[in-house]
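Common to both upcoming complexes is chain A, partnered first by chain B, then by chain C.
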Partner chain A sequence: MKRSVVVAALALLVVCVAALCLGTPIVGVNRLPAAFAGETDLEHAVVVLLRAPRLVLGLLVGAALAVAGLLLQESLRNPLAVPELLGVSSGAAVLVGVCVVWALPIPGAPLVPALIGAVVGGLITLLAARRAVGPAAVLLVGAAVNAAMQALLLTAVSLSDSREQGVLFRYLLGSLTGTTWESVALSAPGLIALLPLALLCVPLLGVLRLGDETASALGVRADRARLIVLVVASALVAIAVAPSGPIAWVGFLGPHLARRLRPNADPRVWMAWSALFGALLVVVADLAARTVLYPVELPVGGLTALVAIVLAALLIRRRGEVA
Partner chain B sequence: MRFTLIVLPVLMVLAACAALLVGSTVSPADTLTAIFGGGDELTRGVLLELRVPRVLVGLGVGAALGLAGTILQAVLRNPLASPEVTGVGSGAVLGAVAGTVFLGIADQPEALTIAAVLGGVLGGASLWLIAAKSDPLRLAVLGVLVSAVLAGASLVLLTARPQLAGAAARWLVGSLSGRTWEHWNGLWPWLLVVVLAAVVLAPALDLLAVDDDHARTVGLAVVPWRLTALGAAVLATAAAVAAAGTVSFVGLLAPHAVRRVLGAEHRWLLPASALAGAACVAGADFAAQALTALVPSSGSQRIGIPTGAVTALLGAVVLVVVARRASRAQVEGGSR
Partner chain C sequence: MRSPRAPLALLAVLALAACTSAPAQPPAAQGGTTQVDTRVEPLSPSLDITDPRGTRITLPATPSRVVCLTGLCDDALTELGLKPAGTSNAALLVHPALLGPEGRSVPVVPGSFGSEDVEAIAGLRPDLVIGLAGVHDQLRQALAKFNAPLWTVDPKDWKDSVGYLRALGSLTGRAKEATDAETRFRSKLATAVKSSRDKGNDKKTVLLMYGSADSIGVDTTDSLVGKLLGSLYTYPWTAKGTNAETASTFSVEEILAKRPDTIFVYSLLFGTDKKLSEQLAANPVWAQIPAVKSGRVHEVAPKPWGSGRGTRSLSLVIDESQSLLSTTP
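Entry: the complex of A and B
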């Protein structure tokens, strides 16, 4: 246990330093202190104004998405319950996209529309799936809601000005391109406030895992507890989606790695590890996205999706966990 | 049954006429006079060069998707199967997008169709490899995942060419705007092939939809017939995608609407689904154009609401209903 914490801390450190140093131009590790102190103009600008905000946002968004994924999976008792398949991420993205296209004067944009969209998307799925039996049917209903949302979003994109379309496309896939300290400042407080709230949900998760009947025998109203957990998860997703778009499937990979590596831990430990894996994943994927095909920058969500969906397909096939 | 076979063509013609009459530049009244030989040069030009090919492409795409959905549902014995849920549709899109990005064939309908067919085969084959022996619901969930991978890959390719993004967005969601006689010429030969294949396949589909052993007992060569049927479905989907993009869920909507009335006999089901699909796409196109007139457009050019958005919203509702029913059937059938 202690050794794994040390390894995790080291991995985090290495990834952070790599994210600050690599790219074009490459900044040597020994030059980082000077760059932060502002002694060299170019390197100061690259490291402090371009790479550092991107790194911070990547860490926060990754942790938030992974924790949200864990909350959804544990409360619905479904290893494939991810924000992408439940209409939560796409709901948030739709409202943000619509606000951009029609320049709607909504206060607190993009945070407030993302929040409303995520909660509404999740609720639509839950209501539509209420009479469906079994996890696979719930996921399929979510996929249907998701398809409708995607159609709305693509409609908004195709109605928009052609100058905005490239940006919206990138947003649709999830991308950290063009992150500034302002976008960090916009979403960081919300995320930092919500992460402890997620920890407070852990006892509820423990009860919900036992099944609805046992939960009510223990004096917990299962559907109300589930609703609370879902709202917290939706809020996390919304705040993560607002600045960077739905970075796909981090909510699946993070919790899954955590469960795989610590099979017998309690949900609180899983949550910490999920957050760590999610953060590492997004930062590494973003590093790859901006360096592999330089000067073309890939959307980071495309990379995470490819990795995760292959894993998900293997998972369903091998263990039949869904149906 | 006879009644339905009269109602469906009438519905289709009505939807086509409605789609023919609406549009941004020429009013319905002017269009009517042009149809009956009157009107000026401009009106007739708009009618013959823009509206008629658009409606024809819509009808053709709808028919192709209706056929593809019916065939897939029979062969996979899965009420949830449709081009969107089996990876065939998004595979076809990926093929077409890859062709556009790497080979620059956006304005050559024939080459585009071939690229889409290759992509559709890729999508269908990858689902087959992953999920050949799954039960209906699991197959559908895996199909959604495969589709998500393929759709993500298309988007990644597109971000490499941002200048294509606008046209591609309309394509990913399915749109009939700007369809010309060229697109119709690219579509109808394939449609003809698929229709002929459907005529030949209909009796075999009745048997394949029940179970393999039974089909073998009555002397059907199961594997070649199934492959032929799947090939026809892929071809139909790819032709539709190359002509108009992913007009979602028509392949799910049409067979389900028709099956409730006509039962399970494919000799009636196939033509009826084709007609229903055609009516559905033409009707959705009418609705999309009518809605476009109501929605404020921020762009300099008016593009319009894509047809596929209307069908996706309708189809999502149907998918929800069918998925619930399938899940309950599975529980009651005691298969879990």
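Entry: the complex of A and C
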């Protein structure tokens, strides 16, 4: 256990330093203090104003999406439940799409409309899921809301021109481009407040894992407990996707890697490891996104999806071998 | 689960490789002007032409009702002294560089770009429809049912724009108008190139971008206007490893490093009462760039700069860019 923690801490440190140093220009580790002190204009701007806020937001968004994924998978007792099924990400995307296509004068765009869209999308799912019986029904409701949002989004995309589509696709695939300290300041407090709140959901997860009937026998209303967990997960996803767009598969990969590392651990341990894997995944993917085809940046979500497909295939193959 | 040693080691090597790097220096500007051939080949009317991309177009009669689904068509028809029978680019057509208010009388083709209403096009009784390759090819079958031949164009640089103008001039029997317009354009470009060199503007780094302060798209050197600006000024915005004519996500680090002297911007993606130049000036990252520091960020008309593609629009780009560069320090 201790060895894993040391390796994880080292990995996090190396990834963070690499995210600050690599790119164009490459800033040496020895020059980071000077860059933070503002001794050179260009290095200060690149490291402190461009890379550092991007790193901080990447860590928070990755952790939030992975924790939300764990909450969903455990509360719905389905390892394939992902934040994308809550209607939150697509709700954010719809409103951003509408703002881009019709150039709506919403202050703070795209962050504010994304947040409003995410909250509205999540609320629709939660309100519809109130009457759903059982985890499968909740998942179906989420999928239906998501499908409806996607249809609206495609309508907006079909009305946009090629340049608007480029910007829309960047957001839809998830990207940390253009992250500033202002966008971090808007998102970080909510995410930092919600992550401990997710920990408070762990006892509910424990009961929900036993099944709805057993939970009822223990005096817990499973539907209400599930709704509380969904609210926390939706809030996490809403604040995470508002500045970055829906970065795909982080909510799937983080929990799966955590469970693989500690198969018999407590959900609290899974939550911590999920957050770490999610954060690492997003930051490494973002580093690749801005360096592989430099100066053009790739969407982070495309890379996380690619990693997820490979890892998911490996996990399924390994599971098949074990079986 | 195994410890992730290999990726960790790789990342450590990458990070340590950067340890001894020197402070970053902005690269030297590179002038990039070229000679422009002002000779114009003679042109004669013909109903059988081959366009700059090698596509052969054969029509039974001189087209008199041309419907435009791409800006190049509106632009070229204007150069030839003709009006489209219908257009999906009304905002471009009514720009003063093209028809101005007179363009309002041209029927607008409803539908979105690439999914225009075929029935509405048929209702305009066109004898030729001109669209953009890769976007409008899907309309070909449907249009064929209404006996409306579709010609899809794909200009890569100003020479292609001239080539399409000549091809359309030949088809419509407006050969003289086409060669006159070509002569004007070649002379304008040649004069502009010489003027840029004489005034030292060819050493100035310019950037054409669209979007907002936190969502940057850049016309790269693969785009038609990017290539044109590259023949007049230093335009170092390549999309390495991709064929993207416009990069909707371009590295701000690269823009910081290349330090553009002048920025042309168009198409605000999110409605706001704040001009993009003001947004950039208020942004701590963009405020580091010489063009922003010295107020040389110029808002330009999105339609002719972004989707004109023809010699009329490109002439406007030449004139405006030269004028804006000469009026600022």
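To be clear about the criterion, the second predicted complex is superposed on the first by the 245 of 323 C-alpha atoms of A that agree within 3 Å, B and C clash if a C-alpha of one lies under 4 Å from a C-alpha of the other, contacts with A are read in each partner's own complex, and residues count from 1 in each chain.
In the analysis below, a residue touches a chain if its C-beta (ideal position, glycine included) is under 8 Å from a C-beta of that chain, and two chains touch if they have at least 3 such contacts.
As the structure is a prediction and not an experimental result, all values here were calculated from the model.
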- Message: One more residue to check, A:Ala103. First (chain B), second (chain C), both or neither?
- Response: both
- Would you sort A:Asn30 into first (chain B), second (chain C), both or neither based on which partner it touches? second
- Thinking of the overlay built on chain A, is A:Val7 touched by chain B (first), by chain C (second), by both, or by neither? second
- Classify the contacts of A:Arg290 with the two partner chains as first (chain B alone), second (chain C alone), both, or neither. second
- For A:Arg170, select first, second, both or neither according to whether it touches chain B, chain C, the two together, or no partner. both
- Message: If we overlay the two complexes on their shared chain A, which of chain B and chain C does A:Val207 touch? Say first, second, both or neither.
- Response: neither
- Task: Considering only touches as defined above, state whether A:Thr40 meets chain B (first), chain C (second), both or neither.
- Result: second
- Query: With the two structures laid over each other on chain A, which partner does A:Gly302 touch: chain B (first), chain C (second), both, or neither?
  - Reply: first
- Touching A:Leu154, do we find chain B (first), chain C (second), both, or neither? first
- Where chain B and chain C land on the same part of chain A: residues 102-103, 158-162, 165-166, 169-170, 293, 296, 298-299
- Item | Complex interface listing, chain B residues touching chain A | 80, 84, 130-131, 134-135, 137-138, 140-142, 144-146, 148-149, 152-153, 155-156, 158-160, 162, 165-166, 168-170, 172-173, 175, 248-249, 295-300, 303, 305-306, 308-309, 312-313, 315-317, 319-320, 323-324, 326-328, 330-331, 336
- Show which residues of chain A lie in contact with chain C when the two form their complex. 3-4, 7, 10-11, 14-15, 17-18, 21-31, 34, 40-43, 45-46, 49-50, 99-100, 102-107, 109-110, 158-167, 169-170, 175, 177-180, 183, 257, 260-261, 284, 290, 292-299
- Item | chain C residues within the chain A interface of the complex | 1, 3-5, 7-8, 11-12, 14-16, 18-24, 26, 112-113, 115, 135, 210-217, 220, 237-242, 244, 246-254, 256-257, 267-273, 283-285, 288, 306-307
- Task: Under the touch definition given earlier, write down the residues of chain A that touch chain B in their complex.
- Result: 80, 84-85, 101-103, 128-129, 131-134, 136-137, 139-141, 143-145, 147-148, 150-152, 154-155, 157-162, 165-166, 169-170, 172-173, 248, 293, 296, 298-299, 301-302, 305-306, 309-310, 312-313, 316-317, 320, 322-323
